[in-house]
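Labels for the chains are A, B, C and D, by order of writing; each one numbers its residues from 1.
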Amino acid sequence: MNALLILPLAQAASGETTSGSLLSAQGADLLYLIASIFFILGIKGLTHPRTAVRGNAFGAIGMLIAVAATVAGPALSGHAFDFTMIAAGIAIGAVLGALTALKVEMTGMPQLVAVFNGFGGIASALVAGGAFLLAIGTETSLQGDIATAASGLIGALTFTGSIVAFFKLLDLRSLRKIPGAIPGQKVLNGLLLLGALWFGVQLVQDSSQVSTYYAICAIAAVLGITLTTPIGGADMPVVIALLNSYSGLAAAATGFVIDNNVLIVSGSLVGASGVILTAIMCKAMNRSLTNVIFGSLGPSADGPSADDVYGGKVKGASPDEVAMLFDGAQRVVVVPGYGMAVAQAQHTVRDLANLLEARDIEVEFAIHPVAGRMPGHMNVLLAEADIDYDKLKEMDEINPTFETVDVALVIGANDVVNPVARTDPQSPIAGMPVLDVDKARTVVVVKRSLSPGFAGIPNPLFAMDNTYMMFGDGKKALIELIGVLKEE
Amino acid sequence: MELFGCFFVAAADGGTSLIALLTIFMLAVFVGFELITKVPPTLHTPLMSGSNAISGIAIVGALLSVVALGGEGEHAGMARWLGFFALVFATINVVGGFLVTHRMLAMFRSKK
Amino acid sequence: MELFGCFFVAAADGGTSLIALLTIFMLAVFVGFELITKVPPTLHTPLMSGSNAISGIAIVGALLSVVALGGEGEHAGMARWLGFFALVFATINVVGGFLVTHRMLAMFRSKK
Amino acid sequence: MNALLILPLAQAASGETTSGSLLSAQGADLLYLIASIFFILGIKGLTHPRTAVRGNAFGAIGMLIAVAATVAGPALSGHAFDFTMIAAGIAIGAVLGALTALKVEMTGMPQLVAVFNGFGGIASALVAGGAFLLAIGTETSLQGDIATAASGLIGALTFTGSIVAFFKLLDLRSLRKIPGAIPGQKVLNGLLLLGALWFGVQLVQDSSQVSTYYAICAIAAVLGITLTTPIGGADMPVVIALLNSYSGLAAAATGFVIDNNVLIVSGSLVGASGVILTAIMCKAMNRSLTNVIFGSLGPSADGPSADDVYGGKVKGASPDEVAMLFDGAQRVVVVPGYGMAVAQAQHTVRDLANLLEARDIEVEFAIHPVAGRMPGHMNVLLAEADIDYDKLKEMDEINPTFETVDVALVIGANDVVNPVARTDPQSPIAGMPVLDVDKARTVVVVKRSLSPGFAGIPNPLFAMDNTYMMFGDGKKALIELIGVLKEE
């Protein structure tokens, strides 16, 4: 279908002006162009922490301009429509969005991003669907038909996929065992995709049937579920980044449907962003995207068992003992991991760092690119706790210096400090770049047990001579440690 | 409608306008790639939520769809509801996305 | 034709097509800026001559003008010569520019 | 005028296909899009020496595609035109271009770029002019009229400006004294610009007069001359980069005239490139663009005279004496400057470096961003002499290490090693970042006399205790030095 042929939508794109609108169609288009510039400047702002707040504001301004151009433009004026419904839609959305954004814990960011992603995707699919419905009975263009089918497919898939990701992230541990690939999973997915594409072809050949569009969306929605369900909960961040990219592509496709440049520009920006983040995460985990989506990463049966690795070699240490390790230390590096996020220990970590610094100890934070469950997850948590970002060191920067570290304090990190990645080419994380914590003079690991991290493999670091395990919940253990240090 | 060689057919249907849209798409993808490879890892989470908010641009399409609210055609009723839900979802995405990104970014500061 | 507020008038005359062209212009400028700030100083001279060659793209316009060679209008004779000289100049720029850039770049090599 | 209204040109842009053309209008447009992608990938290739050759090839392929799309597209077919004339135009251009490109000495690059720039500019102006002529008598659009006027103005100005720059570069020394700003120069330039703009307005108001377009071009051509003539010959590189940017803008404007995306995309890329190079050069010279274009940078009367600086303090050294300085040296840094280019000494420098390396001396090259007369000028010359680009160090990298340099060998450089830039805030080059050669243990300067460099000021480096002047033409002096070193 070609939205250009629907009268009201068309006026936004063609040359006609409806008397009564504040802006001519060209005026509105010019504002859309300005909005695109703001979006680009917004992303540009995010390339540096100093300009990032302003960049985000630019993005918001761009959105405001685009909305204003639409409202004041010719498309909305001169038509009888239920203004209450628009106002209600915006009000409901704004309140829900604002509440969620203000209430969410920083540890809940992955879930939030997942669910917002899904909303972006479904909105695009719904818009394309609306335009499709309105165009029924008119002649349509191949361009519009293809874009409509693409928008429905990608949008619906993004929606259900994101919702699954959301639930998987909500409670990682309990859901982790459940799904697993059902037999013939890949065949099923393939069939679903073929089905959706088949209906897409139908839509292009005959764009007068509403049911075709619904069928595409329904199949894509099922596909979104079957694709994401078997993926390990901890792989969800990669999936989310990919879905982020899809939500952008859906918006761009909708731009082709309604012939609107600003949708195309911003959709492409988001699409590129998601693709790059996905690639970064896969690289940091040394896995291919296909492996993340179709491979299963379970505890490998043939690797060394936990007993082999730990048997009799693990030394526990009480907070008092750990406190003594800091006597005379000059350089301490804190390695935060997913467990710190779970324990919400970031503020306690900050207090500890301040205490150590008050003793003239140099404290730095070593941030692994996939520590936690989102790219940059640790940075956000530590920033929340008001820790100067100059103290956060990236892996490549800090790795060569671990030999001069007196105490490496590992808080709830596991896989990202597992030396097996370097030493055992058979291990499931072989080749994944890790923080070389084992080279520090002493290592203190704070976690609740010897249970494995996301990759499900034992970690020989815990059994090293110079490693001390301080068992306990991240936050509680650190509070005790702080208590001891203060008493001294 | 012929499907084979559909890309060229598509070009023939949409005229130069389609090529212009494709050119815009191509250029925007390049701009996106160049800019985003410069975003430091520290800012990857805000980038995700911020770009997320930008993908809520479908709000523009949702607003344009509401003209259907006054429409008469057979499917206008359905289109109206699709538009309404699109509006709600897109607004959540936009308002929530920019706000939460702002909250996160406001936490980043150098004490130097 | 009114000149004041000419930008808007221009928009009104050219229709969406002008905005699309402006969007393309804007995006291409962004792509250019992002890419060129990444070019290392070592390659600034080849960049100058290479981008120079690209600006010879006017050769396309020159080729399109030669259709005037068969034209009949009052000014066709003059237009023909303008097109001819445009073609010569643009071809020199293109052929010479890419060749000399290649010559220069072929000299850069790491012996590692 | 609006080229869309000219029948033949229009067919390239509208939907009609002329029977007999190989490609439909849409096919041609698609090829133009692909050509644009090649241009972008071409520039992207230039971001690293390893990919640069391929990048340039991509650019050339893009151009080939664009030309092929034009020739095979509908615009050229089905019309009677003189094919010989096209073939002749292309043949003449290709032969002239290829000969120039293959014959030019690497030291002549600035001149070559200048003259090619001019050709690009004039070609754009001529195309816009041709389209304008053909459209006379038809109704035209404001967009097309504005773009035509812009293309004529920028194109003609770029042409004459580049030609002036070319001649100034051909023989710097002899032309340098001649021009100087004539009285009332700025007023004249302002009037010319106003005049050109006035005719531009005329053209927009009445696009039926050929003479209006000629007037714009003629005035702009004069303006190009009066603007560039007073600028010092050594400032020409900045002017060339700026004109490079203009030639891109002219192409982009022509793209608006004939409604062609590939012209707009590639024109904008070139425009951006020129602007950035201009900014980089201005920054490296610590001057503003206005100062380059309108300011005059002569020997400042109030600065210390050459006698004050040099009087009795300068030590000459023979090749034999200089050869001895290398005995026991461990680290030598070569600083090439404009004089090396004039003397064409790059191959001799390479021989010298090889000789020193054979003696286990570490040899590096310190490259100042505006050494020579073009950004990256020294890099090209040294690469021509087959010197590994890993040995070329940028200023910021090498400056902190000069204290550990045994011999700094300055070959034909002057301003870029003048410590006055750091020490004397009154000096015309105050604040320009320079190579801190004066911190090396010994300094050897190869030049013909004590005459100043481009900035026209004396250089206290030459009078320092640990500096030895080896007077003579760069190439000859080095050959003698090599002779002595080989005898030893």
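By our rule, contacts are C-beta pairs under 8 Å (C-beta built on N, C-alpha and C of every residue); 3 or more make two chains touch, one makes a residue touch a chain.
A quick note: this is a predicted structure, and the numbers were derived from the prediction, not measured.
More than half of the residue-numbered contact pairs at C-D reappear in one of the options A-C, A-B or B-D, namely A-B.
Interface comparison, A-C versus A-B: the higher count of C-beta contacts falls to A-B. If each chain is reduced to the centroid of its CA atoms, chain A and chain C end up 41 Å from each other. Averaging C-alpha coordinates per chain places the centre of chain B 31 Å away from that of chain C. Here the CA centre of chain A is 17 Å from the CA centre of chain B.
For the pair chain A and chain D, the distance between C-alpha centroids works out to 45 Å.
Within chain C, contacts with two or more other chains are made by residues 16-18, 20-21, 23-24, 27-28, 30-31, 35.
Among all residues of chain D, those that touch two or more other chains are 32, 36, 40, 259, 261, 265. If you check the complex, the residues on chain B that touch chain A are 1, 3, 6, 9-10, 13-14, 17-18, 21, 24-25, 28-29, 31-33, 35-71, 73-76, 78-80, 82-112.
On the side of chain D, the complex with chain B involves touching residues 13-15, 24-27, 29-30, 32-33, 36-37, 40, 259, 261, 265. Residues 16-17, 20-21, 23-24, 27-28, 30-31, 34-35 of chain C touch chain B in their complex. Listed in rising order, the residues of chain B touching chain D in the complex are 8, 11-12, 15-16, 18-20, 22-23, 26-27, 30.
The residues of chain D lying in touch with chain C in their complex are 8-9, 12, 32, 36, 39-40, 42-44, 46-50, 52-53, 55-57, 59-60, 62-63, 66-67, 69-71, 75-76, 79-82, 85-86, 88-90, 92-94, 96-98, 100-102, 104, 106, 109, 112-113, 116-117, 119-120, 122-124, 126-131, 133-134, 136-137, 141-143, 146, 201, 204-205, 210, 240-241, 244, 247-248, 250-252, 254-274, 276-277, 280, 367, 369, 374-377, 379-380, 383-384, 386, 388-390, 392, 394.
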